[in-house]
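Here the chain labels run A, B and C in written order, and each chain numbers its own residues starting at 1.
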Amino acid sequence: MHHLLETQQFDRDLLRSVFDLATKLENQRNDSLHGKILASLFYEPSTRTRFSFESAMMRLGGQVITAENANEVSSSVKGETLEDTIRVMNHYADAIVIRHPETGAAERAAAVSDVPVINAGDGAGQHPTQALLDLYTIERELGRLDDIHVVIVGDMRYYRAARSLSYLLGKFNNVTITGVTAPELRISDELREYLTEKNITYHETDVLPEAMKNADVIYQTRIQKERLSPEAYQRTKGQYVIDRSLADSMKDGGIIIHPLPRVGEITPEVDDSPHAVYFKQVGYGLTVRMALLSMLLGGKSVV
Amino acid sequence: MHHLLETQQFDRDLLRSVFDLATKLENQRNDSLHGKILASLFYEPSTRTRFSFESAMMRLGGQVITAENANEVSSSVKGETLEDTIRVMNHYADAIVIRHPETGAAERAAAVSDVPVINAGDGAGQHPTQALLDLYTIERELGRLDDIHVVIVGDMRYYRAARSLSYLLGKFNNVTITGVTAPELRISDELREYLTEKNITYHETDVLPEAMKNADVIYQTRIQKERLSPEAYQRTKGQYVIDRSLADSMKDGGIIIHPLPRVGEITPEVDDSPHAVYFKQVGYGLTVRMALLSMLLGGKSVV
Amino acid sequence: MHHLLETQQFDRDLLRSVFDLATKLENQRNDSLHGKILASLFYEPSTRTRFSFESAMMRLGGQVITAENANEVSSSVKGETLEDTIRVMNHYADAIVIRHPETGAAERAAAVSDVPVINAGDGAGQHPTQALLDLYTIERELGRLDDIHVVIVGDMRYYRAARSLSYLLGKFNNVTITGVTAPELRISDELREYLTEKNITYHETDVLPEAMKNADVIYQTRIQKERLSPEAYQRTKGQYVIDRSLADSMKDGGIIIHPLPRVGEITPEVDDSPHAVYFKQVGYGLTVRMALLSMLLGGKSVV
């Protein structure tokens, strides 16, 4: 197997290799992937994620062919299957980044692809590179991944990235996770069982200020309107906003991360707090993706 | 003249040069077009064709500027003529690939362009690079272009690519074409006369199994819904599906090609038949386009 | 400051540097920006302007990441602020070209950007690279920028480019501007005062033929339908069309420029008149943008 589909593919050793390479590639530009072509197939738009991969590819000297909105413009309109599209793309590209609204789409793509397929989000499924960059951010900022207390704010239930991160944290020792969410957005039984099995202590609360004081990491998330009833959304939306005074209440060295975009969950005055690392996180994401592309396209197997 | 507009531009010698160069470029990456820029102007979307040209350009070291949906985003919305757009593009690009819904659009573009214009499909007109790659696929797989029996399935009337291929086959000796189509999709008088003039034997039937047994090449096409009445479409759609048992009935060395995308005309179990070369064909198409770009941009005249 | 936001940033010395570099870069391709990445963020579509920047970047060896229609596809749909988008883009790109429907958007972007922001049009605000290329075209064709008579036809009021050009002309000596417009599209008091202050003589007329005879430069503009009542638009539209006989009435060496696209304001028979330089102008624009990118990305400050 040589695709990047889900965080379950990663053990501590592999994470180590990816993160070490990412650190080495920070601020680098080279021509190591000169002559290689990455295909960006975005069946739902995500300029941010697309640009991150494309910039990473270009910094390594590679080139990119792009379908900004593959859904509308590709032969999928004519009724072609995803499998056929991927078989065709195999002739054009040395790797394929795919974002797709259907869970399992990346896996289906990988099943028929000779070139590496990278899952950049498949519906309610996974978005593994986001989880990897979250984890890398934590390590770079805290200096460790064991012995940490992560507070996930807003949505433990539907937020793909928060869930994927939880899976990765399961590989480390003495990790505590606290979920600060409305009742509708609490952790699923499946994830709770996984955490128990991995010896992660899990707490639940709906009081943000208390949780912030003890956190090494605040993982703020965006409440997804479509997940809640209108009343629940109105009630929840404003409830877990991090403002400057909340940020200031954090202990020294504690960090606030966010997968972005934010739409009010963190107020702008927080941006220059020493705790705010959510924009720095974007840069970490770029280098993690450079490391992954380098490993996938340079011949080293990721899994 | 230095544009690529229609298959009529090609004689056997020129085809030989293109195909020999394509074979030489197979699996190659080089920097022969370093510093050159190709403009992709797609007035109707076609991710597949666009990616094929863009990947070909990049494999030769060139770069690409792209309008995925030129119709919506370009100054054509403001009422600019195609001619003005092309005159402007002449300053930005070293060659222009154009896909346009109107027949004759590529010719109009070429009339005002100093840089090479490549027709990537102009309405009911031509799609010459598709026909060239079809022909190249046949040669590579059969080892010859004379003495062949090509069966075109589904649509002899409206299918641009099938018609363009017929024109090219007219340049070879002892070629037989059999059209397997519904009555509504039979060959036009014009094409029939051309084939007669070129000494191509033309047969017509509506029975697929018999035709498959004797074919060197099965050219399967997609039935275009918009070409038929609803009743005729329903009747025709399922009638010429190639399944595995039909594929297995082909003689040794016989091949099935398809311009893709397919939407059911060839069932998935055919994909790993030794006769199925329609995905391999995509790769042949890439190298043919590399050869054409190389000739057009490297200074050699195609016509 | 190291952004390119408005023509006011330019004095005669800086214009000299840009224009000299542009002339040096004419027809050049080099690798001076190898490894650098330009982000094209177009919140309203403009294939022409986008391609001009992208081609300029590529001719200098750089690469480009593109959002053809940032409005629809970016996280702005999810409610992200422009400021956040720019902060994120700072990690992906070495410079950002932005076109945005809101006046002041480029300035807002620059305020939070560490990498250079280039304003490619912000609503009713500025489009400075267009004004620079207009001025460069005049200099290249007339050989001077002092002692010239510029006739601006069609719209002195709302046409962003004509207004920006007027501001730049204010830096030169013995400049006369004549506005040939319908009453609704006459110069604003603000611009008139500016011209007076800069010792530019300003005339006004609604008779085109007379004005053409005395012009060194005819700056033809497109009447923007949305600026006028339906009746005023109908009345105005056809009134200031330049046809061949009008073009022929110009004095030797006089030139006709136009920001393009045109939709009938200059008839096609004018295109091969020696006075017509509007397509050549596109090429001048490319080299001006190459010069600007080179200065912004090569470390030299533009302001």
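Things to note:
Basically, a contact is a pair of C-beta atoms (placed from the backbone, for glycine too) under 8 Å apart; a residue touches a chain by one contact, two chains touch by 3 or more.
Note that the coordinates shown come from a computational prediction; the quantities given were computed from them, not determined experimentally.
In this structure chain A contacts its sequence twin chain B using mostly different residue numbers, the overlap staying below half. Rounded to a multiple of 5, the Cα-based rotation taking chain A onto chain C is 120 degrees.
Distance from the chain A centre to the chain B centre is 41 Å, each centre being the mean of its Cα atoms.
Shared contact sites, meaning residues of chain B that touch two or more other chains, fall at 63, 66, 68-69.
Residues of chain A that touch chain C in their complex: 29, 45-48, 51-52, 54-55, 58-59, 61, 63-64, 66, 68-69, 222, 260-264, 268, 279, 282-283, 285-286.
The touching residues of chain A, when paired with chain B in their complex, are 35, 37, 39, 63, 65-70, 72-75, 77-80, 83-85, 87-89, 91-93.
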